[in-house]
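What follows is a group of structures, each given as structure tokens.
You will see two complexes here that share chain A, one where it goes with chain B and one where it goes with chain C.
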Partner chain A sequence: MDGRASDLGLLLAAARHEVEGLRDDPRLGELRGNRGTALRCHVLDLFGAVEHRMAQEPSSTAPEPVRRAFARSLRQGIHMLRGAHAALPWLAATRVPNLNLGSLYMTEECARILVGTDVDLVVVPNPEYMYATTSWPFSAVIDNTPGFTLSTTRRPIVLNYPLSDSDRLLLHPIFAHELGHASADEHGLVGTVEAELDGDPSFTAALQQTVDDIAANWTAMPKTQISGMLRGGLRDWIEELLCDHLAIEASGPAFIWAFAMFVMPLSYGEPGSEHPPNTVRMRLALDHLARRGWRPYMERVAPGVTAWLDGIAGDASSHLDIQFAFLRDQLLSHAAVLQDAAIARAGAGSLDPAASEAAGEAAGLLSRLIMPVGLGDPLEGRAILLGGWEQAFREHGDSPPGMVRALTDRRLQDLIGKAIEMSTVAAAWEPET
Partner chain B sequence: MTLLGREELERAIYEEEDLDRRLTITPLLERGQIGRGAVDLRLGTEFLLLRRTRRPGLDPGADSQQDVDEMQERVVVPFGDKLWLHPTHFVLAATLEFLRLPDDMGAYVGGRSSWGRIGLIVATAVFVHPGFRGCLTLELVNDGDSPIALSPGLRIAQLAIHRLDEPAPERNNEDEKYLAPVRPQPSRLASEQSDYDRLSTLGHALRSRLG
Partner chain C sequence: MRDLQHLEELSSTAALGLWADDVVLAVDRATSSASLSDAQAGVLREASEMLEAALERTEHPLTTPKTARGLAATDTALTVVATLVQGQPEKSERELLTAMASVLREAADGALTMDDAERLSPVMDLFGMVGEHQLIASNSVLTSRKEARAWTGAPAISGSS
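And then the complex of A and B:
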């Protein structure tokens, strides 16, 4: 029986062993500077929460349900402590950054714009070819330990990227999409969009109609369950699309170019349970860029690629199964709601099409193999990256294969990364008085 | 060749409109880096350290370029952090500034005496060719008895720029071993295999003549 004295003895000893083992790891030592400190506090909070749980050990005469609940609570804690081993290389990554420093600075700027200033961004290479984000990785235990008080309220965000992409600066606007997940979570953006949709009678009527159609023709599932399934899918798709829109606000067209290089080799119009079809994402992204005034710039620097992306977006209305078609149709018809939420969140931090002038200067310098920090005042990092794409089209071709060739151009991306690093340094530099 | 003084340096850096004729040193964080006959250069954020290995040593004639590269470890030291250079240790660094010399200018790089006086030897390729573009690789050795902390952004070297009597012919980009580098470059001696092959052939020929 779970909760016997011997079981509790094992669990208490195992929890203590895990905490002590982790605490002794030198990677959990004090950090210099600010980067990683909130994540470290979060890990220490996990230890504190588990120890707080351990201190609640019931007496040997406590009722059986109490002892079983205590055992479950410790098992959950031990499970998470074992997961915390993953945090040690994350902390190590803050001491010796693998990611290009220029990209790191630019990603921190995007985090400031999209999530807020009270953020600890930890960027970690991943052996799998995967971009992913995790915020508050151990909150499931910490937040569910009554009586335990957090030592940090600063949000730790762990951003994983494929190790092979550490110097592929042209792909790094994808980081802005990843930060979108933390932004949506921190600011309740999915709920904001859902509330807007629920306030629209055409949406609620379409939802009801779809539920009725599915119940009548496709499944014996109760209508409440069908409705819940559709709403769950809607929330997931809204979050993904919000992340795209937030990344566009932060990076402009550089996002859609990076996005196309990352996702189009993987799928086209196939929907996923959490991801809308790429055709739909492309359509909404292009609409957003057009609304924000980027279309003339895109047509000027990459007319061939813009036509290719238009072609993909043109297939957004292709046939989908009824539940996915409902999600697609509602999100396309409420595109402005998604855009509004992203625009409001990014505020003054949005990259404006006026940045295309600075991007042009950066591209001109890159064409001469000069690091594009700027001839006068330092150019803004995001404009340098945009100029990098501009030069990539010029040098490698305004076409999808040209974009792939650009991703292998190490020198171009080295120049972009170092320029972003140096423009950040130059902008922050305080001359001797 | 004429050494450029402060006024000429400022004109070449800030006032020349034609990018091909402009002396590009970017980012130049402070105008005060331009001295009477030289420009101070700062330490960048990337380093190449020699790894400890079980190999007997380095033989550029026998080792591949990959062997040479694998003996070096790239280390990034962000602003605000330090790299400690211990006595006798050697490290490759790069300048923070990216240079682009026009075709009528060459330059000499040297250490700053204030570093030399605490034992830090800053050597480099010394002469920078007209038309060079990139961050300069600096070879740093601690020749003193005490470890030295190196912080990115410190003024570490100086560049004396000379105007040539006549512009040097344009260099063919494809032929350059070190084109527009932004970080310290490892030695490319191992890629000069043909020299080693010829020396080996010559050695065999001479040995057989003697024997």
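And then the complex of A and C:
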């Protein structure tokens, strides 16, 4: 039986062993500079929370359910400590940054716009070919430790990117989508959108109808469960779509081009439990870009690619199973709510179509193999990246295969990265008076 | 894609289990001669509110808690209560939820009498079962870490390990 003295003895020793092993790891040592320090504090807070629980050992005469509950809490703590091993390579990555410096500066700018200023951005290469993010990875456990006090309130954000993409700047607007997850969490954006939907009687009626229709077919599933499943799916899809919209606010059309290159080779109109079909994402993204005035620019610099994306978006209404069709239909009909939430969050930090002039200047310089920092004042980093895409269409073709070829153009992307780096430094430079 | 290592999922799964086990410990404290700390009283109050939210869901299926944690907690509680009711056919899920929410609130307010210990026994059972459920779920999260879903939502092919 778990919770016996021998079981508790094992668990306390094992938890202590895990904490000591992690604390002794050199990767968890003090960091120079600011990068990674909030993540390190967050990991140390996890150890503190687990140790706080370890000290609550019940007496040997405590009832069996109490001893078993304590044993389970130690096992959960050990799960978390083992999970914390994943943070060690992240901390190591802060000592040896691998990402293109220009891209890092631009991503930090996006983090400030979308999430806020009090963030610790840790960008980590990933051996898997995947972009991913996590933020406050252990907070649920730390926050749920009664009597334990946090040592940091600065949000750690870990961005994973494929190791092979460290210099593929044209794809890096995807980072803005990933930062969107931290933004949605920090600012309660999913709840904001959901509240708008809940206030619309047509949404409530559709939800009721969908629950009834599903219950008629899946008779073993109670309506509470069906409703909970739909609600969970709705929240996940809202979050993903918000991230797309936030990335559009931060990066303009560069996001939709990067997004298309990353996702379209993998799937087309297939829904996922957490992700809407790409057809739906494309439709909503194009609608958002049109509302923000980007459509003329897209049609001017990449008419062929824009037509291709329109074709994908045109398939957004294809057949889906009932639960996914409900989510799709509701989110398409409430597209403005998603857009409004992203526009309000990005505020003055949004990339305006006026940046297309600077993008054009950057593209012109790139066409002559000149680093596009700007002929007068330094160009804004996000406009340089947009200009990079503009030049990519010119040089490699206004077509999906042309976009793929552009991703392999190291020279172009090196120039873009270096120019963003230089323009960031130049903009921040304050000459002595 | 969120959380390639599934750490946030593991953390929220474990947190719900830890909270359920904290309820068990606080219930035990409430029935002993020792005084209840503010934190433990808060845990009991939260547990009562969670059961009330679960009750609300049985009465109005479209009503769902606003937070992911609330949704997960009430989902699990409803599953466990359905199991408990199978062993007590004379009681309905709603009666059980109402009775447990009530005694938890009394415990949080320090209004229990010695006779109430028996009323708290099913509460300990319920939250103990939630704790067990969540420990199993934590194990599942860890084993699924190698089966990450792609950023696009298309299921990835699982490794053989």
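One rule holds for everything that comes next: the second predicted complex is superposed on the first by the 428 of 433 C-alpha atoms of A that agree within 3 Å, B and C clash if a C-alpha of one lies under 4 Å from a C-alpha of the other, contacts with A are read in each partner's own complex, and residues count from 1 in each chain.
The criterion applied here is as follows: a contact is a pair of C-beta atoms (placed from the backbone, for glycine too) under 8 Å apart; a residue touches a chain by one contact, two chains touch by 3 or more.
All of these numbers come straight from a predicted model, not from anything done at the bench.
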Chain A as common anchor, with chain B and chain C clashing or fitting: fit
Which superposed partner A:P26 touches (first chain B, second chain C, both, neither): neither
Chain C versus chain B, contacts on chain A by residue: C
Partner chain in contact with A:V141 - chain B first, chain C second, else both or neither: second
Contacts of A:S227 with chain B and chain C, given as first, second, both or neither: second
After fitting on chain A: smallest Cα gap, chain B-chain C, Å: 26
Doubly contacted chain A residues - partners chain C and chain B: none
Complex contacts: residues of chain C adjacent to chain A: 1-5, 7-8, 10-12, 14-15, 17-22, 24-25, 28, 37, 39-40, 42-43, 57-58, 61-64, 66, 68-69, 71, 74-75, 78, 124-125, 127-128, 131-132, 134-135, 138-139, 142, 148-155
Interface residues, chain A side, partner chain C - complex: 53, 56, 58, 62-63, 65-66, 68-70, 72-73, 75-77, 79-80, 82-83, 86, 126, 128, 130-141, 143-147, 160, 181, 191, 194, 204, 207-208, 211, 222-228, 231-232, 235, 262-263, 266-267, 270-278
Chain B - residues contacting chain A, complex: 19, 24, 26-27, 29-30, 32, 45, 75-76, 78-81, 96, 98, 100, 133, 135, 153, 173, 179-183
In the complex, chain A residues that touch chain B: 32-33, 96-97, 101, 365, 368-371, 373-375, 378, 411, 414-415, 417-418, 421-423, 425-426, 429, 431-432
